[in-house]
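What follows is a set of structures for review.
Two complexes follow with chain A in common, the first pairing it with chain B and the second with chain C.
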Partner chain A sequence: MKFRIFRAADKDAGGPADPTEAPRMGGAVLPAATTETRDGSMLEAGPSNDGPPALAPTLTAPRPLHAGGGPTGPTKIAARDVSVFYGAKQALFDVSLDIPDKTVTSLIGPSGCGKSTFLRTMNRMNDTIPGAKVTGRIEMDGEDVNDRSVDPVLLRARVGMVFQKPNPFPKTIYENVAYGPRIHGLASGKAELDAVVEASLKRAGLWEEVVDRLHSPGTGLSGGQQQRLVIARAIAIEPEVILMDEPCSALDPIATAKIEELIDELRERYCIVIVTHSMAQAARVSQRTAFFHLGRLVETGDTEEIFTNPRERRTLDYITGRFG
Partner chain B sequence: MNQHTVKAYGDELNQLTAEVARMGGLAEAQVADAVDSVARRDVTLARAVVERDAKLDAMHRDIERKAIRLIALRQPVASDLRRALASMKLAVDLERTGDLAKNIAKRGLILAESEPMQPLTRSIERMGKLVSMRLRDVLDAYSAAEVDRAIRVWNTDDEVDEHYNAMFRELLTYMMGDPRTISACTHLLFMAKNLERIGDHATNIAETIYYEITGQEFVGERPRWSPDASEGGIIAADAIL
Partner chain C sequence: MTDAPKLMGDGPRAPRVDRLRAGLKRRYAREFRFRLYGLLAIGLAVGFLLLLLGRIFEQGHTAFVTNEMTVPVYMDPARVDRAYPHGTNFEQLVAEQQLRRFGIQDDATGTAAAEMRQLFSSELRFKAADRVAAEPGLIGQTVTIAAPVADNADLYFKGEITLATPADQRLLSDRQIAWLDRMKAEGAVRAHFNTALFTRGDSTEPEQAGLLGAVIGSALMLLVTAVIAIPLGVGAAVYLEEFAPKGRLTDLIEVNINNLAAVPSIIYGLLGLMLFINWMQLPRASPLVGGLVLALMALPTIIIATRSSLKAVPPSIREAALALGASKTQTVFQHTLPLAMPGVMTGAIISMAHALGETAPLLLIGMVNFVPGIPHGFGEPTGALPSLIYIWENASERAFHERTAAAILVLLAFMIVMNAAAILLRRHFERRW
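For the complex of A and B:
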């Protein structure tokens, strides 16, 4: 696979290209809700330590702080005191959250809690809503996405989005995937474009199923296939972040399992943020979970912690089905 | 804790807890009756204890079945999941406790056929009272969801161990003094060992309660009896039994 990644912001502003060098938020203003983030050294203190095995069953052995999951990359997106207003109504209140790269972060919470609103701040989708106003800072690799110099179209090329209902273009399967690379100038010539389409469909786990009908309409696919087509379309332009707003809520369990498997594979390359109403899904696919309620971020932590021993009462009530 | 939105789910969890508490009550009674039957050489009571053990086994299976069903159908998480798992673990400890009580009663039936050994059966009775009390304490802690109370039981297990070691020495002295008592004393020694094990189940139960309520593994250190601590010349009890 060789095609250029078109990223205006990087070239012009000399912005960070390597996420591992992404400037952090100084580490000073982390809200209480995220202070339990565990660093790598603590992760390694797990049970796999190769000290001599304890002979006697001892009750004093240190409890492994963290048995799995957990963020695997540096902070990709840092939100600080983000509030969103729709006209006079405030939908989101001072949300501060670090979203790590190469990790699946799930946003959970009851309807109207602000999780989708928060998701949409990350690629400025709220710009499209008349009367919507966003305050606070959202930094991607240290760069404010709301800065006037940032072109929202280019931003959305870096931050792809998948919606609840699969929304393929009324075009062929091939064209659905080729459209983005073509308008962003990511491929020169037919052969290169073919390669991009094939690679994207393969990465979305759809290639085998559509290789014989690349030129039939995308809308003729099943719901689950359409959703994977849309994901292929999103990854064709080499985004850095993929936002998913309830990507499986319209799919059957098998199609859902395929998407979840796909999300798990995509995690190696991308920063993924998923909004879901299915807590079981959040538990299955994500390493980090953030719980929203009434427009506020209540608690965030490793998914394992949130689903086994959350610190906040409201989180416990929500995940155990005691809300209201 | 708030109510579950799905009321039947909350009811099922509560029912599980109630059944474990009920099973605990029966196990506790089995231990007390078994010890009583030995102390009073009451053959009828001993037989009743042996027969009633089947009831505990049935309750154990029932709790396990209900917990599995709840996990499969309700997919509990966090504190609810721990509650379901704790019920299964507690049922196992209580079932084992019942088996040990039954074994004491069976040995009581054998002892009833030989000469009474008053001072020794009184020692068993004292140790039995102590163990029954601890079992009751820890089960009350479970019903009331009181972590501190459970931990108190856990912290005092050495009392049972001390009792056991004292009995071990006492029985050894008897057997050395009069080899004709060896058969009866061996039965008494096994009874003491059974009671000591019931005490261990009570500490297991305390640990499970701690986990269910706090979500943390119980970490603590208890002074453990070791052969080094025993008096010279006496064989370490745990080494041979």
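For the complex of A and C:
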């Protein structure tokens, strides 16, 4: 899409690489090669000018300085003293965290540290687990999502989610993407639905690969394609927030690079929260990072800050691989 | 780890390799034995099945053929009742005429005529009477009439009774056998497909008895069962599995459903008798009551099968739908249930096949009575295939025995057709994912 051309042209012109990326590349955690792979795959994917017109203004807008800087948007979600209990067991202890809009926030930490649990409080997916109880406030645009007046169905239409394992419905690619808009009545008529499906698949970078087999099963795609299909399905209902629970842990490096590129593009429009086990991934895709350990939020800050100059000893130990 | 490369070498590690090799041999031998047991078990099962089917087929295949006799009937004006032809004793008339033709002098008590009469089915009387009633001008003329031979004569022609059969084990005298041989030699006897078996209801006369009433009765009953048990069972399972709050009450219900599946079927018959016939005053022995009883019996099986196939749907699909903002109902009916459908269908098929073959509860709601008619509705008394098999097996006439086997074959065919249809239906659901 246009965004890609911008990046590619920038490189072709022989100009310096995006200056904001320099600190990240210089960081001890991040091998420079990964960034190259990512750029390489971007070029392979090929530039295309046929992005949906509706998206064009956002995508052609100058890319804000982000990677080294602070949050680029106002606070979208504000968590205050959030605790989660599964039966008698407490999984999350008094987590308070601000999540800015139009930014990728990554949640990192060792297994079982509560990062996925925290993610699932934001669209109330914990409601589906028997015995789960959430205390504290999670405000989205100033409204507590756990309030009685908030319908979880409506909340989930505003907060999309992508899971660890690609979980397309065993239906056609088209049906997968069309399902959300259909149940929410977001598209009137076949033509409009077709347009939504096309725009979503294009935005997820999957359109070219599936355009001639929209009506074959979504489960027949490769793992990486399935994950992008699931992302297309999530953005088809135009959510405000996208939660991603280790979206790349079941994918190979090339598919991972594509998803990361996609996340970077989606940041322009959405508030994205991603749980990841890969610190390199957190460094690559996110602007804000929150480190969880044993159910507690240990440290939060700009990604660059966390990875280069963490305040807490535990954070340093974790990101340098001393545990976890 | 460090040993791994040495396994291949022939250094000091060689004895170890030999031990591994010996162990491997034992492992392969064990696997071979296990496969052998499997083959033996399957062979045994298939063998017994073939034995059973072979035996039933051997007994039953003769019932699909019947012998018909064509006899000349002189419509004696002195004997035929003009006003009411069906009141005429045509068997006696024909018997006397046959004796005359054969040149046999009867004794004073008419023993020979009585014996001759036993060779004709009572159907001869109806056919002759029908002819006269339709065309009174036939009186005084000779008409040839084709009618089935009596059951024992039929057995003789099929070779099941011979002259060698001890006289106390056959209901035909030597004289009767000689007459039958003579008629056969004259070309009056012809074997043909036993259409009566498939076009008539039950009868006390084996040669006139048919399965149609029971087949229709079973079909109507099964229809009632399917219409009631499948939606109710699937609905209950969906509610219990997806919507009901998990707690002591649902646990109790689950335990009870599992127990109900193990309740002897005759208890369901008692329940049906009490509930549907005594209390609700529904017609006895009707497909409606039979279907209701079988539906009660099929419910637990369907509920259990549906619940387990709902449980088997991957939670990721549920999560996907819920995270997209689908409501609970949408998630269940648009994703979970369609994915569970093949399993649901399997449960339904098994319980329907079970219901089709069930006999004990039918005994208690009056379905073992003799019902000669063919049912035309859900409220009429009817038989069912399994209960007809029971009745025929208990009949004293020897000719019913081959018909019992034939009825079993028909029941099996019914079941196979039904299962095949259900499997096709299931395939259809599977293809829709």
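In the analysis below, the second predicted complex is superposed on the first by the 255 of 324 C-alpha atoms of A that agree within 3 Å, B and C clash if a C-alpha of one lies under 4 Å from a C-alpha of the other, contacts with A are read in each partner's own complex, and residues count from 1 in each chain.
What we mean here is this: contacts are C-beta pairs under 8 Å (C-beta built on N, C-alpha and C of every residue); 3 or more make two chains touch, one makes a residue touch a chain.
Owing to the predicted nature of the structure, the values given are computational and were not obtained by experimental measurement.
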Chain B versus chain C as contact partner of A:P310, first or second or both or neither: first
First (chain B), second (chain C), both or neither touched by A:I254: neither
Contacts of A:N123 with chain B and chain C, given as first, second, both or neither: second
Which superposed partner A:A88 touches (first chain B, second chain C, both, neither): neither
Partner chain(s) touched by A:M279 [first = chain B, second = chain C, both, neither]: first
Partner chain in contact with A:A191 - chain B first, chain C second, else both or neither: neither
Which superposed partner A:P170 touches (first chain B, second chain C, both, neither): second
Which of chain B and chain C A:R322 touches, first, second, both or neither: first
Chain B-touching residues of chain A, taken from the complex the two chains share: 59-61, 63, 279-280, 283, 307-310, 316-317, 319-324
Chain C contact footprint on chain A (complex, rising order): 123, 125, 128, 130, 153-157, 160-161, 163, 165, 167-171, 179-180, 183-184, 217, 230, 233-234, 237
Residue numbers on chain B that touch chain A, as the complex places them: 1-6, 9, 75-81, 215-222
Contact footprint of chain A on chain C as seen in their complex: 246, 314, 316-327, 330, 334-335, 339, 433
